[in-house]
């Protein structure tokens, strides 16, 4: 049994958006009780992230770490035409994840107690981002 | 056909534990000959890693690289309450992997000759870590 | 329905090779219309990458970023016997991806408009690299 649904997220610019609830809803509505849930981001300047879900400072600190490791406006890059945050966004994307593969058990994604799924926007401006969720398993 | 099994690993603190054998055992016992094997770590301060399996210095060097790139006690972070190694552990987790998706072929994970699967503990203290293995395919 | 095919790529040394077309051909020939496509690299000194497919400078800049972050010949490493680019290649591999899980929809991998799939060789010399593609879904 395979169920696919698109999730559209309008991001407010650089930072994280919790999409755990939307993904769990797709799994619940699929009726699939055991299998896998693939979450795929159709963009190369944002990421998907499994992250600690209790303290918002953890996501803030991750963004601070990335801002230091992959600074905007770095003169290393030739690809500069789309703005000082564009090539850093591609680097951040490659260092993190465009696709997450999650287990489905008991009719839900079997995340750990402290795990949430986040869409991480790397561009400074807001963007419309599309996720394709594929749930695959048995009813 | 879907088979799910939990693997529990007590880590000795920061460093790597080879879990290749445990994962191959789940695949062998599932009876599935072709398909996929998803290994999912239900934690955000440890990682899963595919790594060279011949020279232990490779894993030692990976930890040395991470210790330099993501040093403990970094004043950049606001999330400090759980100790100087906690936020660095979350960063290391995001820069590596919480989920590995492996091919199953001929009744086993079709790893390369020099590939092993490792659980990488990022906290300095020992922790109990839970992996959920989902094998999905045909008998 | 499960279809597995091997793709062999002879790389020209460090840099990226577009494998999108080869992967889409496996999916098309499988006859599978909806499901998932796992691409797995059986090596630990090269990577798979989803990356912007319009401007070749983006891939050049990614390699430049990695050359600065993970320089060859770093005295940090003990694993030096296979050359100054070997341990850096393992680090690059762990920081990126050995496995990509892609959605299949309408008989093709449902990539975004600007997404391509690249094999990223991290060794300076040419290598023969093996990818195992597993397409899993419904006809």
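When the chains are written out, they are named A, B and C in that same order, and each has its own residue count from 1.
As a working rule, a residue touches a chain if its C-beta (ideal position, glycine included) is under 8 Å from a C-beta of that chain, and two chains touch if they have at least 3 such contacts.
Bear in mind the structure is a predicted one, so any value in this text is a computation, not a measurement.
Two copies of one chain, chain B and chain C, touch each other, and the residues they use overlap weakly: the shared fraction of interface numbers falls below half.
When the CA atoms of chain A are superposed on chain C, the rotation angle comes to 120 degrees, reported as a multiple of 5. Centre-to-centre spacing of chain B and chain C amounts to 20 Å, using the average Cα coordinate of each chain.
Shared contact sites, meaning residues of chain A that touch two or more other chains, fall at 36, 69, 95, 97, 101, 136. For chain B in complex with chain A, the touching residues are 2, 4, 36, 38, 40-45, 69-70, 76-79, 87, 90-91, 93-95, 97-99, 101, 130, 132, 134, 136.
If you check the complex, the residues on chain C that touch chain A are 34-36, 49-52, 55, 57-58, 60-62, 64-65, 68-69, 95-97, 100-105, 110-115, 136-138.
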